[in-house]
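First up is the structure itself, then whatever we jot down about it.
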Amino acid sequence: MPDGATVALGGLSMNSAPMAFVRELVRANKRDLTVVAIVAGMCVDWLVAAGCASRVVAGLVSFEGFGLAPNFRHATQSGKVAMEEYSEHLLICRLQAQARQLPFMPTVAGLGTDVPALHEASGALRIETDAATGRPYVACTPLAVDVAVVHVHEADVAGNARVNPKLIWMDSEIVNAAERTIVTAERIVDTGSFTAEPHRTSYPRFMVDAVCEAPRGAYPTSCFPEYGHDGRFFEDYLGACGSPADFANFFERRVAGPTTWGDFLAANDPQPVGDGGEVGS
Amino acid sequence: MPDGATVALGGLSMNSAPMAFVRELVRANKRDLTVVAIVAGMCVDWLVAAGCASRVVAGLVSFEGFGLAPNFRHATQSGKVAMEEYSEHLLICRLQAQARQLPFMPTVAGLGTDVPALHEASGALRIETDAATGRPYVACTPLAVDVAVVHVHEADVAGNARVNPKLIWMDSEIVNAAERTIVTAERIVDTGSFTAEPHRTSYPRFMVDAVCEAPRGAYPTSCFPEYGHDGRFFEDYLGACGSPADFANFFERRVAGPTTWGDFLAANDPQPVGDGGEVGS
Amino acid sequence: MSGAAAAVPGYGCTIDELMVVTFSRAMANDTRAFNGAVSFIPVCGYRLARRTHAPELVWAASSIAVDADPAVVGSSTLSDELWGGASMLANSPFDFWTYAQGARYNTFAFRGAQMDAYGNVNNSVIGPYDSPKVRLPGGGGMADLGCMIPRIYLWSSTHDPRTFVDRLHFRSGIGWGDGGDHRASLGMPGGPQLCITNLCVFDFEQESKRMRLASLHPGVSVDDVQAATGFEVLLPGDEVPTTAQPSTEELHILRTEVDPTGARLREF
Amino acid sequence: MSGAAAAVPGYGCTIDELMVVTFSRAMANDTRAFNGAVSFIPVCGYRLARRTHAPELVWAASSIAVDADPAVVGSSTLSDELWGGASMLANSPFDFWTYAQGARYNTFAFRGAQMDAYGNVNNSVIGPYDSPKVRLPGGGGMADLGCMIPRIYLWSSTHDPRTFVDRLHFRSGIGWGDGGDHRASLGMPGGPQLCITNLCVFDFEQESKRMRLASLHPGVSVDDVQAATGFEVLLPGDEVPTTAQPSTEELHILRTEVDPTGARLREF
């Protein structure tokens, strides 16, 4: 992952972001990353806080009911980090155009709003009119992604990967669009686990370039159905934002400082696995 | 299902076609149907043999290694039935444009072949050039479907439906495009079966308008993983095509004549359920 | 993280409860809804409607979990906390977005940091776009779903002139657009039906598609609403009615079954 | 339904076996392939390649079952009979077609009822399109995958002038199109690499993109091939080599592991 790369992060809002990998980007002091995240929160805020990201390409960045993402907010307000704003579906369509090698993907999303005009100069989005019906649509051009990073429950060393109980969020869209894909997994399993239930495989080995084991690797976001998001972490994080010094201290102690992922988890003392939603699993 | 309706049939080639429902269309002596079937075989041949279909909209109709679909072949050669020929992906794109209420879906499929020109006059397909890149694409316009009919393993009376172990073929594309959807199911189950494993549901109740129980309802096509296609039926069917009288006799005795679906199965003596592929189920 | 909501004079309930019940009553039996982030009032409203007058109502929790019936509403409306009892976990890019584009879901509710008289919303920036005073989260699916879904509902627990503005700083999501036939001319189905706030209920005047006072919550005057609203509030021809009182049964179900832990107060 | 294939003089195998082995040897270790209907030769070729020189080769049986390793090849190559041992059952509209459009699969093999010198194929009609002598099944995915997949292989077990024609009655699938840079000008990746028949192997001349004789099966002459081919067969600068002999190991694996029941003979 060179400085300056375009990296797309999986997950959605409080759910299933590849936080262990994001923390490694922070610790590796990456610079000038363009971060693509369809609907995101903490993952983007860490990369902005650590100065890794220079550009955020997203439909929404927030901590939901907990509040705004504080570093993202301040860095984009000051102009230190650029926000390339889409709606959720416009961004999906750009990723789909890339994945399917199409000149564009059409959608009605964004018509009548101020979003398409943000991308008129770059040509990323174009409002066009269908020749036959006269209906307007937004032509979403391909969005190139160097590396997608997604978190899964199980992967084998060949790269077969599975989200339990089912791939739900939009991670497949970034995987399909990306030049390379890195998977972090709660568990590394034998290939026999995939051949035993091949209908449950989310990504085949040829779509995955690297696999890293990362137990509880989505913390503090959720990893349904195994664990929920840790609201206390979000509250502590926001609570530390009173002063730059307080936040720097918090970020070093609770995020960037711990040497291993295990050390990080110990520093944050998450509740035991199994406290998440227990639905249908 | 009024005469003249456009009906889309699920399944793919030798697999998972809603044969029990198709047989009821034959027995009800429906007329002038437009039959949409992406990659099909026996289901189309029955409807053509019985004079139900006046138009076939498809990417491929055959009995694969067993031979050509005989009634389809002769009726389209004589002009009695019109073949509206697409490729598989061009047809999917037309269905997707309909499902997503888009003026068209773009694809590179079909470029450089004679297929798009078949649909130039009707405007169903248009070859266009992307304004920004100069790249050609095929604009696939929406294909309206009155009724989709798909076969599943399990459904509840509310219309929730599940294909085991996973929705694999392109049935979702016709369901999403159709005004109404009829599901035939190997088994009717309680809604609790869906709430127990909600990640396995293929269609939610609001996409399904009617459910009919039809055990072994895909016979003589397969219903993976529960039973395979019955090659003997295909061979007998083709073997009866030597003379119109022989075929009429065969069709009455083995297809249209039996009163109930159970009578039909008894007349054809399929092998016991469980002889299909036993993969990963 | 939860606030407290004011009592509604004479109604034996608080304002959050009145808003949920009012939202619930607007839901027909053929409603097929889903919800996005921080949508406690609509989530409670869908759940209540299904338990009262609209048993066939479809609600996809977080846009994922069809017919979910969780024991409680948790701290996020866009998480698996809400998925208990669902009959389907839909996949987002293929299932959800196809159903949304095809208007198989017919109902969506959104709120913005700013909302205008036509039910358009801003959740992107306060201030100039390129150097904003506040960088908000972004519109998420608002720009998409506003275009696709025919029955749009708006709500706000902060009815004040900062929220209800004459001119949005950015249009993140479309309601009735520029008003009149603008939305229809773009080929979009339906449009905003109601806006339910902590002071009143707005509907939309048929020709102009501007917000019009439909009912006042108890103790609230027309002048109160106008003072809290940054655009001119249209009035109905007749006298403005008072928002109907929740029934004892509705309040009981809301308090004991729909949202026993009071998650809806997170919006206050 | 199965036919019989002629013995290959001096090679200790039959022509189906020579075709499978030749196909197999053309598959590099980075092959990511799938197959459609009635594709016994390619299916056996992928399976053999993976067991010999290309252990990393990906083959999605019926385009669905990734890394399948069935005990036998059944009566259809587009059915669940082939799915045993797969590590993934991909969904057709979302997984398969996305991987195909993105050229994540890089290899596809097709045959047509007619094939021309540029590797274009016809599987739609024999005779005039509107009143055909024979209505064939239709191109299925040929018109799609010919455009999307960079490494295209053709094969035929019926090398005769009815199959290899100067002018297709209908172009159901594109190979090199009109030849030269036509395919590239349409923005398509790669193109046909080889055509393996029961008489010979063709490659494609680099400039014109016309079929050129690459090797002759034992006992077949250049004249035999030309007589069986409806277009002028290009010859290489040097003498035409003989198609290489299958090894004992390849034949053993083919006969005992890849296709012990001889399903490949369904093409003969």
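Letters are used for the chains, namely A, B, C and D, taken in the order the chains are written, and counting of residues starts over at 1 for each.
Keep this in mind: a residue touches a chain if its C-beta (ideal position, glycine included) is under 8 Å from a C-beta of that chain, and two chains touch if they have at least 3 such contacts.
Predicted, not measured: the structure shown is a model, and the values here were computed from it.
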Chain at maximum distance from chain D, centres defined as averaged CA atoms: C
Of A-D and B-D, whichever chain pair has more C-beta contact pairs: B-D
Chain A and chain B, separation of their C-alpha mean positions in angstrom: 38
For chain C paired with chain D, centre-to-centre distance based on mean C-alpha positions, whole Å: 58
Distance between chain centroids, defined by C-alpha means - chain B, chain D (Å): 27
Chain D, residues touching no fewer than two other chains: 65, 83, 85-86, 89-90, 93-94, 101, 148
Multi-partner residues of chain B (each touching 2 or more other chains): 100-102, 107-108, 135, 165-166, 168, 172, 195, 198-199, 279-280
Chain A residues within the chain C interface of the complex: 12-15, 39, 58-62, 64-66, 68-69, 72-73, 76-77, 79, 83, 85, 87-90, 92, 96, 107-115, 118, 135-136, 165-170, 172-173, 222, 224-225, 228-229, 231, 235, 276-280
Footprint of chain A on chain B - complex, ascending: 100-108, 123, 126, 128, 130-133, 135, 137, 141, 165-166, 168, 195-200, 279-280
Chain C - residues contacting chain A, complex: 1, 37-38, 64-65, 75-81, 83-86, 89-93, 97, 101, 120, 123-124, 129, 131-144, 146-148, 170-174, 177, 182-183, 186-188, 266
Touching residues on chain D, where the partner in the complex is chain A: 32, 58, 65-67, 83, 85-90, 94, 98-99, 101-104, 148
Parts of chain B lying in touch with chain C, wherever the complex brings them together: 99-102, 160, 172, 176, 191, 194-195, 198-199, 201, 204-207
